[in-house]
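Got a structure for you, written out below as structure tokens; questions coming shortly.
Naming follows writing order (A, B, C and D), and every chain is counted from residue 1.
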Amino acid sequence: MKHPLSVTEAIALIPDGSTIMIGGFMGVGSPLSLIKELVRQGKKSLCVIANDTAQEGAAIGLLIDAHSVNKVIVSHIGTNPETQRQMIAKELEVELSPQGTLAERVRAGGYGLGGILTPTGVNTLAAEGTQLVEVDGESFLLERPLKADFALIKAQQSDYYGNLKYRLTAQNFNPLMAMAAEHVIVEVEEMLPVGCIAPDDVHTPGVLVDMIVKSEAKA
Amino acid sequence: MKHPLSVTEAIALIPDGSTIMIGGFMGVGSPLSLIKELVRQGKKSLCVIANDTAQEGAAIGLLIDAHSVNKVIVSHIGTNPETQRQMIAKELEVELSPQGTLAERVRAGGYGLGGILTPTGVNTLAAEGTQLVEVDGESFLLERPLKADFALIKAQQSDYYGNLKYRLTAQNFNPLMAMAAEHVIVEVEEMLPVGCIAPDDVHTPGVLVDMIVKSEAKA
Amino acid sequence: MKDKEIIARRIAQEIAPGSLVNLGIGLPTMVAQYVDKNDHVFFQSENGVIGIGGFPEGMENPSLTDAGGSFIGVLPGAAAFDSAFSFGLIRGGHLDMTILGGLQVDEQGHLANWIIPGKMVPGMGGAMDLVAGAKRVIVAMTHTAKGNAKLVKSLAFPMTADRRVDLIVTEKAVIQPTEEGLLLKELGPGCTLDEVLSLTDATLIIPDDLPHMDI
Amino acid sequence: MKDKEIIARRIAQEIAPGSLVNLGIGLPTMVAQYVDKNDHVFFQSENGVIGIGGFPEGMENPSLTDAGGSFIGVLPGAAAFDSAFSFGLIRGGHLDMTILGGLQVDEQGHLANWIIPGKMVPGMGGAMDLVAGAKRVIVAMTHTAKGNAKLVKSLAFPMTADRRVDLIVTEKAVIQPTEEGLLLKELGPGCTLDEVLSLTDATLIIPDDLPHMDI
């Protein structure tokens, strides 16, 4: 059985310099309580893998504002001028990956694949640093898996085994990241007794989840 | 709106010589009515992609018994002596793929990937005909995507858009195959009005489904 | 009619009933307003939903937004999924059409819409996958930006994909990139050929028959 | 005690509380019977479920079986999923242990269990992924087959994976493959060292301390 930890306890386990995957898409489906606690505990030198950096003052944007992050691997930063400012000032390294490629790279990390071949980005700037592979006369980029020390994800419901159910577009990268990190910390809206989520409704089996915290944030 | 066709109408659209993916695992989650109709209509020279060939007289085994199949791409045939007999007699070509690799190959076909790198099968007979790729000093097999002309799948419920919900271990390869074929024919137990399957419960969106038939078989 | 409305109305005519369509953030999002509800068009948002259905007016939920982060509603028969599945639909060729904004399109039909080096680096988001994977790519953009032509001989900015887009719709023109170059198909409402040519840097192929948009 | 019961009971002792374990078809399936229910062990079946919980006795459902096609029940907190996810768990290193049958294991600790060329071609099913991906691989097999040793100097049949298995449990012995070779760890109930050696073709490393299984 996994009983919820306090947000403080869970985040205290994360060392400075960790590589962290954070779920969410423009803040939707991001673990807001966990993010705020990362800032409160003054974490430094994090590498964050996420779809985006949301906006200034919001979700992952809070980590950027607090200069907690050395590097981000994301698909876009267009909604966060502070991320762009830090990138241009060379305070922050930004690695951009096409969104579908980013999703597959995280999945590959969690699924034990050595990489995937995608047509996306061939002959563009996204091809820099990747290997071009020809298969049957078609060109693909060999994109490498991503893994992390910690995944900080958000779910709507969890039971006390850690079986998770996500909600609508708050799902996004969360189930993929739950597979791809050494330690998985989930922030949930609601805890249910074991057996209350039907097997077909479980999006992420509890065996993948290490720690559960209850959300303290207004979503 | 997609109103159910008769099993006869749906199967009549499949030419001899087609490559067909068929869902199911040892017959569980296989579209039994569609399989029986393939046999009844005397289809020939099919290439079947599936997890296995079930048993003699059962599910995909019926197609083997009827000599409807020239080639199978499967992960095992151990439960069907007739498949082994036809293979040894050179009446049937059998391509074996490790089960996890087979699942990823079908997924890659449907997801537009040019292939995936897997550690499974390195230095075994499964490596024959595949390319060995080194990434960061680790060895992987480059496994190629699979696609089909038709996918014959089984779901528990469909609405009239073709949104599908599978049941328990009858899910297996079905949602993967729904992405990987030119034409997708689903056999369902129950039809529901549009709107009766909640968005989070849809396993396969209806946009992927071309034809629906109601199951005539006892599962 | 405002420029953006012209563009959105004209593009709506390209959408076949029952098709699966992804709308980019901004101008492309407007297209949905001009599609006939009875056509049962399925709008995908790449953050993980098919079946977007307008604004939820008083029913906003923080777990249901479009790719721009705006609250949305869904129509009956909607489906939600994760990001890998969403881009499986896109990359795997299951998406009938994507409608995207553009910074520039060149004579080869290549689109640039994700970066102005040294100045603006929004990132490609889902754009590269969408252009590479959708069956049909339509660019929705104003004909010029701050007086500068956006239809250019060759791109000043890095391209989004090496795939030729299928159609470009501005308030002044409908243009179809072909193997031979950019084919002018229609003129905008009240627009003349000379006006279009004067606002376009790229060479255009001019057909004998050049109607105005019927919107 | 029957041979298979000895093997199943001994392997059950290897399973840590709360771990995720995949059981192969046949003999390995018996292991579940000897695991303490209070240990909350999660049994996965590769056809798409975690949380197998015995036989459903009168509640059989055609949509819920194990990888051998037998009807199963599930415990509270079970989860169902598709084949790609199931093997993501396996290949991705999320599976704590797999227990598989074997035809042969050689002195390098390599397992053969999926084909006897020219004679029996069952196919590898999930075995190659399981051996390549599980954190711990335990082989459950009788010590001999029709009088022939199954622990051999080198494999007569094609190997399942080039990864060394972690433990072999027969009714006669517990053996741990190591870098130096096959280390004999325990003897079966009532079994002597001479008996094990006479039924084994592979060279075994014999430790000073050689207890009998405590089952």
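One rule holds for everything that comes next: a residue touches a chain if its C-beta (ideal position, glycine included) is under 8 Å from a C-beta of that chain, and two chains touch if they have at least 3 such contacts.
Not measured: the values here are computed from a predicted model.
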* Asked: Among the remaining chains, which ones contact both chain C and chain D?
  -> A, B
* To do: Report the chain whose mean Cα position is at the greatest distance from that of chain C.
  => D
* **Pair joined by the larger number of C-beta contacts - B-D, A-D** => B-D
* How many angstrom between the C-alpha centroids of chain B and chain A? -> 32
* Quick one: report the Å distance separating chain A from chain C, using the average Cα coordinate of each chain. => 29
* Roughly how far is chain A from chain D, going centre to centre by Cα mean, in whole Å? -> 35
* Structure fact -> In chain B, the residues touching two or more other chains are 104, 107, 111-113, 118-119, 166-168, 171, 199-200
* Asked: Among the residues of chain D, which ones contact at least 2 other chains?
  -> 49, 80-81, 84, 87-88, 90-91, 133
* Every touching chain pair, please? -> A-B, A-C, A-D, B-C, B-D
* Structure fact -> Counting only contacts in the complex, chain D reaches chain B at residues 45-49, 61-69, 80-84, 86-88, 90-91, 114-115, 120-129, 132-133, 158-162
* Once bound in the complex, which stretches of chain B touch chain C? -> 1, 107, 109-113, 159, 161, 163, 179, 194-195, 197, 199-200, 202, 205-208
* **For the chain A and chain B complex, residues of the former touching the latter** => 104, 108, 111-119, 133, 135, 138, 140, 142, 144, 165-168, 171, 199-201
* Given the complex with chain C, which residues does chain A contribute to the contact? -> 25-29, 51-52, 74-79, 84, 87, 94, 96, 98-104, 106-107, 118-126, 156, 166-176, 219
* Structure fact -> Given the complex, residues on chain D that touch chain A span 20, 40, 42, 49-51, 74, 76-81, 84, 87-94, 133
